[in-house]
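Multiple structures follow.
In what comes next, chain A is part of two complexes: it sits with chain B in the first one and with chain C in the second one.
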Partner chain A sequence: MDQEARLAFWLLFPTFIVVLVFVIFPVIWNLWLSLKPVSLGDLRGISLFKFNLTLENFRKVFGDQHLGPGLLTTLIYTIGGSALSILLGLMAALLVHGEFPGRGLLRGLFISPYIAPVVAVTFTWSFIVDPQLGVLNWLAVDKGLLAQPIPFLSQRWWDLDLLGVRVRMPLALISVILFEGWRYFPFAFLFILARLQAIPDELYQAASVDGASPFRRFYHITLPQLSTVLSTLFLFRFIWTFNKFDDIFLLSRGQAGTKVLTIKVYDYAFGEFDIGASSAVAMVLFGVLSIFLIIYFRWILKED
Partner chain B sequence: MSREYFEQTIIRILRVVGLIFFIIIVAFPFYWMIVSSFKSLGEILLRPANLGLDIRKIDFHAYYAVLFEHGFLQYISNSVYVSILTVVLSVTLATVGGYAVTRLRFRGRKIMSYSILLIYMFPAIVLVIPLYVMFSRMGLRDSINLLILVYLAQTLPVALYMLKSYFQTLPPEMEHAGLIDGCSRLGVIWRIVIPLSAPALASVALYTFMIAWNEFLFAFMFLDTPEKFTLSRGVVQLAQSVHLSKQLVMAASVTVTIPILVLFLFFERCLVRGLTAGAMKG
Partner chain C sequence: MASLTLKGITKRFGKIVALSGVDLHVEDGQFCVLLGPSGCGKSTLLNIIAGLILQDEGSVLLDGQSVDRLAPRDRDVAMVFQSYALYPHMKVAQNLGFGLRMRGVPKQSIRERVLEAARLLGIEDLLDRKPGDLSGGQRQRVAMGRAMVRRPRVFLLDEPLSNLDARLRAGVRLELKQLHRQIKSTIIYVTHDQVEAMTLGDQVVVMRHGKIHQIGRPETIYERPADTFVATFIGSPEMNLYRGRLLRKDDRLHFQGPGFSLDLRGLQINLEESEVEVGIRPEDIGIGQGGTTILQAKVEMISNVGSEKYIHAHLGQGTLTVRAPKEAAFQPGQIIPLTIDPHRVHIFHEGRRI
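Now for the complex of A and B:
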């Protein structure tokens, strides 16, 4: 090994160890746990290292009648949350694009939902929409908009009367999706804004000369120019929302029809004290994630 | 009226309406958090729809209670300790690692660059249970220093990737000159690379600080002893123990939010660059 390679080894060695212990090893260890009967009470015992491997955990997880609905909830939450955050991000970017006084301030303001700690913003929103003490419900009742307060985060269904047609809305799920859109639109906003500023002015000038109206310019120039960044954003947001735990855990604890798979991981481990089943759900999550990672890396390699 | 003029007018109206909409939905929760933290319990219970704050009735009691009765002074110092140590370790290791991947020739360099990205995509929820089991068994779980190492693992791959991208844009000629003049590689990093990369290092440091400061899941799962709680962990604890006293939870939320928002507004440009360069996780 020559000197340069040896130096590279030592410079990367601490990073390698940290990643090995705190990322690689846990994933392997998770696979091991998912194949064993382990409860939360067994953690100190010798049984943790015994070769009593079984598929019982996966049988339990796949036999759980809540798995199917859980997966569906996860997909609705993921697609809804990703799409909404990107849509809001696009709108915000179009609003802030261009030169006007106070633009920097607005940009700073628009990014704050993403910068603020998740515990602070989830508790604040829970308080705002609280059916007993929440300002939103009280204002709506005061002004006669609502007959009674709506428990946004703790009620599964909400019957809406649309011109005589009764529609059942999954209320809590919609609420957490709205939160997701609110909290993560700044991410899309920043990327879209950067891309908007890179679109050459000549394109717009040429279109104006040809007599294209503002809406047509948006449709025929801006949108096509944004298509790559929009689809990349969707992939990113999809992957991260699919694995998101904190937000739903803090908003609704997975109650009232918001039990996504990440909440199942927690519930098995600390609700049923079944570490094995919890690890099995984590493996399922990881498997689905791997598919998206493969898509993502094909993308990256193609871009290179 | 021409079509151009008509559409421009519509766009102007939409812009005003849109800006008002966004300003309200973004600013209102922060406004409400702050206003509620200065109210008394009576005010919260009796007038939940009161949007304003009566200047004569401003009540600092929630802050007093949170800081001195619920242990938040300790949590603040824990959070500062955890975040600063995470930043120092992460930026140091990412600088030397990023330099190695950019400038040194060794086998597996390309693989290394891609695996950094891959590791950065690993979700925390998949890692938290096995780490919980592992460190519970070793009796090390309830430790603030262990938490720092977890945060290091969470931030290092992105930090390294961001710095690697930046180092690639630096001209290597100056470093060659340094090497010829008898500088060691580490000397080159210290004297040439680091001064040239100050803006990138600032972005990475801010980004890392934010991740460590805001992190909830690992702090929630790992820490049992209240003396060791970080701010995020402390806020959750508080919210679970008081039911009606929302002003306490809001005062605690303000306490954890203000430092990171102020820091961010101060260094806004750096952070925006950091956010877009690293395609931040979250």
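Now for the complex of A and C:
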């Protein structure tokens, strides 16, 4: 028994070290930085270890009038992007679930947005939707679909006339959410397809004989069978999108109503050279995400 | 309830002919068993009746009306799958009521009919559980219940007992028989197990390679097999079958087998001297002197199944299985005399019974 315990210790030890160095230490270090007046210049030198703790950074961050709207933007971006990527993934998985020639090729193609380098795809999309140089706007204007080009990534609001009702749409935010949905649907697609293939055909046959139409078979068999994978996917996508920085930064630089909190972290650190405030925003992100996870797990546990 | 008629059902999967020209009529309230080795097309036939697979040729009729153009949900048949195919995310009660719910039956009557079926099958206390929490036998009952609740015109059962262990299977088989007597429904039952076929069926359909070999009552199938396939497929241990020549000497009929000769005097057969196959069931062979036809066999091996013994012996250049009472004490190597009643011998010419 003693020997087994020792073996278990040595087997777990490397993992423990990795978690300590790459997970626990950065969180504590970030908390430490957020509680001190640290500027970019202070990152080298002995002053980092001084015990001059203060809540000044948090006071500054919470006093920032952009924090509330930034959090709201982050939530809209996260929920919209996660939901859209899962929805697209579900549709794609259903599309290539059956047997048809070229299925393998199509499945492979569906993965490509996920594996292409982010810099490449953001630049590609930026060029496609660019109001002056972009092929999309050019085509739409040329064919008479649009009176003038739409600056998808640089205009905050877009007034739309829907059957006489004027609707104000956050254009740039919607654009980056669409990008997020496009880029990450393959992730959801792979998970959903795998689960979809594991559902026995006989369940569908039984439901057909029981009198269920195709739509009801989807609603009563497929969806419940996918519920676990869908909720797990939403959890993953929520966490990752909430912390997402590169995609949105490369597309819009956080301009035109797309300033999520991760870009705020960047702005404080490299715009104002205020590492302390930057760390404080990161801690706010961490806190909000933790609250979300607690609620989510409570809800999931209750469901089961 | 309804009668079922199949007319010339043919189905091909690519180059493989799964069913060819299957004709069948099942009376209202009859228990019909489709019996055959795996790959004989019996499950395909069941799926065609359900409408889950479309036939290439032929027609399916319920009460004389063609249902070929109807989707499975409009045919009003119920199916019990080999794997049961219970909806894992639904409780037993929801599983049972699903078909009624899909047909827009009011909630109150769904509850009543679910309860009624549950009572009949003795699964009332399982209604709030999910299929994952049930044993194999309980799942089988729920699957039966799900079919019964709807009161369909025809029940289709696809090897419903094959996932149960042997002891449970015998019990459920009896229950199924009783259940059929109670609800008097038309049942099409697919199995590869001849015991199930013999004990359950009013009518047994023996199939092989997508063709029907014989349709008849279980006794008929056993007593008067239409061809050598049915003769050897039904019955355990298998019927002894010998290829040889039918001979007539002084108006006395003889069968010249491989290394032995069988006296068939007294049989009326309208056949010239020719190549035939002769079959004798192990239980139709008497041990000892006294009968009409006497043969000598050399005991090779004895299998004891408890209630009786099977003696595997050499007869001429062939082998022979004989049923013996459990008290029988023979030794390998012993020579035993056998008697055979010519009237219990099956004779096949070119594979067909004569």
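Everything below uses one rule, namely that the second predicted complex is superposed on the first by the 264 of 304 C-alpha atoms of A that agree within 3 Å, B and C clash if a C-alpha of one lies under 4 Å from a C-alpha of the other, contacts with A are read in each partner's own complex, and residues count from 1 in each chain.
The working rule: a contact is a pair of C-beta atoms (placed from the backbone, for glycine too) under 8 Å apart; a residue touches a chain by one contact, two chains touch by 3 or more.
Here the structure is a predicted model, which is why all the values come from computation and not from measurement.
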Touched partner set for A:280, first chain B, second chain C, both or neither
neither
Give one of first, second, both or neither to describe whether A:210 is in contact with chain B, with chain C, with both, or with none.
second
Which one hits more chain A residues, chain B or chain C?
B
Should A:196 be classified as contacting the first partner (chain B), the second (chain C), both, or neither?
neither
What is the contact status of A:5 with respect to chain B (first) and chain C (second): first, second, both, or neither?
first
Scan A:225 for contacts with chain B and chain C and give back first, second, both or neither.
second
Look at A:150 in the shared chain and tell me whether it touches chain B only, chain C only, both, or neither; answer first, second, both or neither.
neither
On chain A, which stretch or stretches are contacted by chain B in one complex as well as by chain C in the other?
213
Residues of chain B touching chain A in the complex:
3-4, 7-8, 11, 15, 18-19, 22-23, 25-30, 32-33, 36, 44-45, 48-49, 51, 93-94, 96-97, 99-101, 104-107, 109, 112, 114, 117-119, 121-127, 129-134, 136-137, 149-150, 152-154, 156-157, 160, 185, 210, 213-214, 216-217, 231-232, 235-236, 239, 244, 246, 249-250, 253-254, 256-257, 260-261, 264-265, 268, 271-272, 275-276, 279-282
In the complex, go through chain A and note every residue touching chain B.
4-5, 7-9, 11-12, 14-15, 18-19, 21-27, 29-30, 33, 38, 43-44, 48, 91-92, 95, 104, 106-121, 123-125, 127-128, 130, 132-135, 138-139, 141-142, 182, 184, 187, 190-191, 194, 213-215, 236, 239-240, 243, 245-246, 250, 262, 265-266, 269, 275, 278-279, 282, 285-286, 289, 293, 296-297, 300
Name, in rising order, each residue of chain A that touches chain C in their complex.
200, 202-203, 205-213, 216, 220-221, 224-225, 227
Residue ranges of chain C touching chain A (in the complex, touch as defined):
47, 50-52, 71-73, 77-79, 81, 83, 85-90, 98-99, 102-103, 146, 150, 156
